[in-house]
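Each of the next two complexes has chain A plus one more chain, namely chain B in the first and chain C in the second.
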Partner chain A sequence: MILIGELSLWVALLMAAWSTTVSFAGASMRREELIDSGVRGLYATFAMIVLASVGLWTALLSRDFSLEYVASHISSTMPSAYVFTAFWSGQAGSLLFWALILSGYSAIAIATSRKRNKELTPWATGTLAAILLFFLSTECFKANAFTRLSFIPLDGRGMNPQLQNPGMAFHPPNLYLGYVATAIPFAFAIAALFTRRLDAEWLGVVRRWALVTWFFLTIGIVLGMWWAYVELGWGGYWAWDPVENSSFLPWLTTTAFLHSIMIQEKRGMLRKWNVVLVVMSFLLAIFGTFITRSGVIESVHSFTQSPVGPWFATFFFVSTGITIYLVATRLRHLEAKAELESMVSREAAFLYNNLLLIGIAFAIMWGTIFPIVSEWWSKEKITVGPPFFNTVNVPLGLLLLLLTGVGPLIAWRRASISNLKRQFLSPSIFGLIVGVVMIVAGMRSFYAIVCYILCGFVTGTIVQEFYKGMRARQSIHQESAVAAFVHLIGRNRRRYGGYIVHAGIVMLFAAFAGMSFKVEQDVNLRTGESVEMKDPYGHDWKFTGQGVSTSERNDHASQAVALEAWRDGKRYGLMSSEKRQYFDGQKQPLFNPITEVGIKTTARQDIYIVLAGVRDKDTAELRVAFNPLVVWVWLGGFLMMIGGLVVMWPQAERRNAQAGYVAVLPSAATFDSEVPAGV
Partner chain B sequence: MTTSRRDFLTRVATGSAALLLTSNVGRAQQKKDVHEMVMKDSTNLFAMDQDAALPVRLPPKPNAAPSMTDKERDQLEHHIHCQCGCTLSVFICRTTDFSCQVSPAMHRDIVQLVHDGYGAQEIIDAFVNVYGERALMAPKTSGFNLVAWILPGAALIAGGGALALLLKRWGERSRERSARATSTPFVATKGDSDATPEELARLEAAVRGDDKA
Partner chain C sequence: MKPRTKFLIGGAVVLGVAAYLAVTSIKETGIGYYTPTELSAKLQADSSFRNVGVKVGARVVPGTVTADPGGKRYAFQVTDGAHTFPVVYRGIAPDTFTDSVDVVVGGRMGADGTFQATELLAKCASRYENAPTEQKYKQTPGYKAAAGANRA
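The block that comes next holds the complex of A and B.
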């Protein structure tokens, strides 16, 4: 099976080359048989990549250490679950995994849209096959997962224990599922540019796949944050590391696109801009992959220096060049079919939202690549870390939060004073009340107060929308509150799913602001010694050392410290943190020691204990931290995922697919924001 | 020109075999490095340089007393970048588990400088003198690195300006069109619409954005 897998990889490469060539040839010569052959070639590529993947999984699960990839990433003692996930834990495997997802997505996208988008499909097929050709070439020639060793080691190197975590098992595949999905809208955008058919035809496909991108990137990013928080032990969930930033960039542009596409659907506007956003999302996904794998920028994530960096850079620049040419030569076909009538309207609010999202994306990208720019200019290495990213992005993020509340409620075309008053008076009052409560409670941080005022405001707008809709349904259909709530969402999933996502965003912002009140202290404790601390809510805590213990298991030795925690004089419970050293069969140390963090989670804060080291056998060097509102990050992420699922539900797609460029009557457009949809 | 499916598959298989053989030749040439590659790969999440710490020493100030509390010193350490290869500050790195020997060494220097009476900015300057600007967690706001701070804001202002101009142009066009429509009396014919003149008047009012009705 391993040999079949290896051979299949090469056949897949040829199939992708075939599909690229005949699809483009068929599309330009309008020859049906070539177009059909191109599509079949794409399906065959998928089948061959599936075989190759099965081959690699077989090699991993049978622990065939003659393969370099297997010997480098698993060991004989590793749990099977992580042997399975080792498929995407290394360079070569993850490239194959990327190709597997891309070929699967491509087959689904082409099979489902072939009949509806006859003009676009051949070009889209050719583009997708070309992208696959690039990934398969990189896999075959630069990072082949089937490369054999000149010797067969007795055991493999194993996986870094920090990666043996459920978060890390699911975080990369979700990110890949998100990254790769950007290729489908990109391919259809390229097809639309080639054919100059930039009307409603491509919108349906592109929007659906943009949602897939957004959905999986959201899950992937939140899982990555969770893994960093529970596993790395530095006490936070977002460090503005270049690789983290790279995953965030396509999320920002896709979010911008999902908002601006509504303007194109409703008003036929922003056609150029939407093409640019689709293309930008894909190119940023490639840029992110380049950053992850080239080692050009210092990051705690490793694929480090590798030979695929120049390949990705070339692919990135070639794709950018082709796209710029196509957009530039088709500008007149992208003229808007309507124009903005007022700067105080939903269209304008979405434009401001896009400006901010792209502004944030630019700031993050600039900060990420600035060390290279600076080194090139001044020959001196510098670091661009959290102080830079927080300073630049916090004000922009707060403005974005404001628009999260304004955008969905303001009227299309032109908002009147009465519309603004009706929609925003109650949420504004609620936001201000929240702000006053925070100040009275002793909060003095300017940004945190503004953040909570805006969180209150946006929550107010969301609650108001649900309340109006439910009341309307209850009076018309005589439904119970629960039934009205469910039916309201069911009848307009896109709109109310969006509100659920916004509620998740509010939770995230509230949690981020809470983290600015974090309290931490590094302490050295011997058995029986205590340290006293005050948490951000003013409670007095005492932690008493219960001693350091050591133990040894099959694959690791550990030192653990236990602390007894007391809150306001009452016993709270025992907490512990561990330091582990993994070793191989010959008891030789593998990897650097790692820490298992001790975490107690409540709705208000996490108590977070990290054992940094043990001195003189009995003195534990610890960091004790109170991290406020962390659990709301995970709940917010979960809510965003639920909202994303609601929006993606096919029924909503079918109804809205007809929208196209229907110019909504102004009166109806005003109703859209005044009367709850889905009633 | 047609090719049968069997011919095509035969050619694909032959081509694949040829490619496989070619790649095996290349691989054989690389074999000597493979063991080294296995050992290098996946040893850690990043390449750590345990020898990166350099001494940052200054003579004690006359009548020196500690210049800050431990808490303030911890805050200061959040602004100094550990040089081990991670992307963390000295405080976070030394209190985490990367087995770093660099951040504790940098911490010892900071403790000494605090003890010798040096303030936060003086300590930061001392670290920059020894390590260069990479000792900071963010670029300085002077010299070329000021560009790092200015450009995002400048880009946003430029984008906002462009958007404002665009909105203004769209608004003007929209008003012109609206004025043209008003100056040309709209006469409804049967072919245009089934609506009554009153309904058309309401629609016109709505098009102009008058939603008071």
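The block that comes next holds the complex of A and C.
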């Protein structure tokens, strides 16, 4: 099976080359048989990559240490679940995983859109096959997962125990699923540019795939934050590390696209811009892969200098060049079909939303590549950290939060005073009340107060929308509140799914602002000694050392400290944190000792304790922190996922047909915001 | 004024403010990043450079790490092959910090030539790494055990 897998990889390479050639040839000569052959070639590439992947999984699960990849990523004592996920824990495996997802996505996208988009599909097939060809040649020539060692080691090197965590098992594949999905809209954008068919046709396919990107990137990023928080022990979930940033960039551009596409559907505006956003998302995904793989920028996520860096850089520049050429030669087909009519309109709100998302993306990009820019400019490498990213992104983010409330409710074309009053009076009052409550409760930080006012405002708009919609349904259809709620969402998935996502965003902002009130202290505790602290809400805490204990298990030994926590004089509970040393089959230590953080989560804050070390047998050195509102990050992420699912759920054909009609005839689409026309 | 013009002005203001923030905050918060060789050249040219916060990327010299048992103070040496200097770091080290890893230390060079670090990032060589070469392989515990068994 392993041999079959290795051979399949080479066959897949040939198939992708074949599909690229005949698809483009067939598309430009309009020869049906070539086009069909190209599509079959793409399916065959997918089948071969599946075989290759099965081959690698077989090698991993049978723990065949004669393969370099297997020997360097797993060991004989590792649990099978993590052996399975070791598939994508190294370079060669993750490239194969990319190719696997990309070929699967491509097969689905081409199979489902062949009938509907006859003109676009051949070009899209060729583009996707070309991207696959790139990934497969990198895999085959630069980082082959099937490379054999000249000897067979007794045991493998295993996986770093920090990576043996459910969050880490699902974080990378979700990011890949998101990254790779950017290739489908890119391929259809290229196809639309080639054929000059830049109307609504390509947007239908593209929107669905952009949602796939958005959905998986969101899950992937939030899981990554969760893993960093519970596993790494530095007490935060986001550090503006270059690798984190590069996963965030395509998320921002995709989010911008999902908003601006509505303007094109309804009003025929932003046609150039949408092409640019689609292309940018894909290029940023490639850029992200390049950053993480090449080592050109210092990051704690060092994936070490690797031979695939230059390949990715070349691919990045070639794709950028082709796209710029295509857009430049087709500008006249991309003219807008309508003009902005008023600054107080939904179009303007969405335009500003896009501007802010892209502004944030550029600021992050600038900070991320600044070490390279400054070295090239002044021969001195200057790095920037969280202070830079926070200074720039906090004000932009808050403006964006404001628009999250304004955008969905303000009228298209030109909002009247009565529209503004009807939609925004109560949410604004609610937001201000929240602000007053915060100030009375003792909050003095300007940005945090603004953030909570805006959170209140946006929450107000969302609640108002659901309330109005449910009331309308209840009076028309005589439904119960629950039925009205369910049907309201079911009948207008794009609109109400979007609101659910926005509710998740509000939770995230509230949680980020809360984190600025974090309190932490380094303490040394002997058995029986106590330390007193004040949490951000003003409660008095006491932590008493309960002693240090050691224990040994099958695959690790640990040293743990327990603390008894008291809140305002009442016993709260026990907490513990430990240091673990993992071993291999021969009881030899594997990797460094790792820290297991102790976390107690409540809705208001997490108590977070980290054992640094033990001195003189029973003095535990610890860091104790109160991290406010952290649980709302995970809940907000979960809500965004649910909202994404609601939006993505397939709609009935009737609605799609209607949306298409609206998009073709933008002048017909002059709905008031209250008409639920599948926003 | 046409709404389009108004929008463009508004957009320019927003992006202008963002760009202004980006440029000024880089000036205020940007920190120079050097190798030990570059840092020692800087210090030779201008000794007041000791008072400037910098980051240094280097490799920990194997065998030089002494950790306080409490785990909140570490002393070690870093090198880039040409220049080597001692570092004292106060704080909790990341789990990935160990002998011979690549580190980034943030802090300032003391008058005694010891780098006083307040920040320590360790790049874990075993994470997501390229497949090891045979040479590297022979240093792993599993291989050594296997080799020992063969010899016996």
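Convention: the second predicted complex is superposed on the first by the 647 of 679 C-alpha atoms of A that agree within 3 Å, B and C clash if a C-alpha of one lies under 4 Å from a C-alpha of the other, contacts with A are read in each partner's own complex, and residues count from 1 in each chain.
Just so it is clear, a residue touches a chain if its C-beta (ideal position, glycine included) is under 8 Å from a C-beta of that chain, and two chains touch if they have at least 3 such contacts.
Since the model is a prediction, treat every value here as computed from it, not as a measurement.
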- request: Once the two structures are overlaid on chain A, check if chain B and chain C clash or fit side by side.
  value: clash
First (chain B), second (chain C), both or neither touched by A:Arg471: neither
Task: Please work out whether A:His487 is in contact with chain B alone, chain C alone, both, or neither, and reply first, second, both or neither.
output: neither
Message: According to the stated criteria, A:Asn419 is in contact with first (chain B), second (chain C), both, or neither; which is it?
response: first
- prompt: Which partner does A:Asn524 contact after superposing on A: first (chain B), second (chain C), both, neither?
  reply: second
Task: Name the contact category of A:Phe370: first (chain B only), second (chain C only), both, or neither.
output: both
- prompt: Which partner does A:Val11 reach: the first (chain B), the second (chain C), both, or neither?
  reply: first
Message: Is A:Ala411 touching anything from chain B or chain C once the two structures are fitted on A? First, second, both or neither.
response: first
Query: Is A:Arg604 contacted by the first partner chain B, the second partner chain C, both or neither?
result: neither
- request: Could you tell me if A:Arg623 is touching chain B, chain C, both of them or neither one (first, second, both, neither)?
  value: both
- request: Jot down the residues of chain A that show up as touching in both complexes, chain B in one and chain C in the other.
  value: 68, 71-72, 89-90, 147, 149-151, 153, 157, 160, 162, 232-234, 298-302, 304, 339-343, 348, 351-352, 355, 359, 362-363, 366-367, 370, 374, 380-385, 387-388, 391-392, 396, 522, 591-595, 610-612, 621, 623
Field: Touching residues on chain A, where the partner in the complex is chain B
entry: 6-7, 10-11, 13-15, 68, 71-73, 89-90, 140-141, 144, 147-151, 153, 157-160, 162, 232-235, 239, 241-242, 298-302, 304, 339-343, 348, 351-352, 355, 358-359, 362-363, 366-367, 370, 373-374, 377-378, 380-388, 391-392, 396, 411, 413-414, 416, 418-419, 520-522, 579, 591-595, 610-612, 621, 623, 665-667, 670
- line: Touching chain C in the complex, chain A uses residues 68-69, 71-72, 75, 89-92, 143, 147, 149-151, 153-157, 160, 162-163, 232-234, 298-304, 306, 339-343, 348, 351-352, 355-356, 359, 362-363, 366-367, 370-371, 374, 380-385, 387-388, 391-392, 395-396, 399, 522, 524, 584-586, 588-595, 610-616, 619, 621, 623
Touching residues (chain side chain B, partner chain A) in the complex: 12-13, 15-16, 19-20, 23, 27, 31-32, 34-35, 37-39, 41-48, 71, 74, 79, 81, 85-89, 91-99, 132-134, 136-139, 143-145, 147-149, 151-153, 155-156, 159-160, 163, 166-167, 170-171, 173-174, 202-203, 206-207, 209, 211-212
Task: Would you pull the chain C residues touching chain A in the complex into a rising list?
output: 3-4, 6-7, 10-11, 14-15, 17-18, 21-22, 25-26, 28-34, 55, 57, 67-72, 92, 94-98, 102, 104, 121-132, 134, 137, 140-143, 145-146, 149
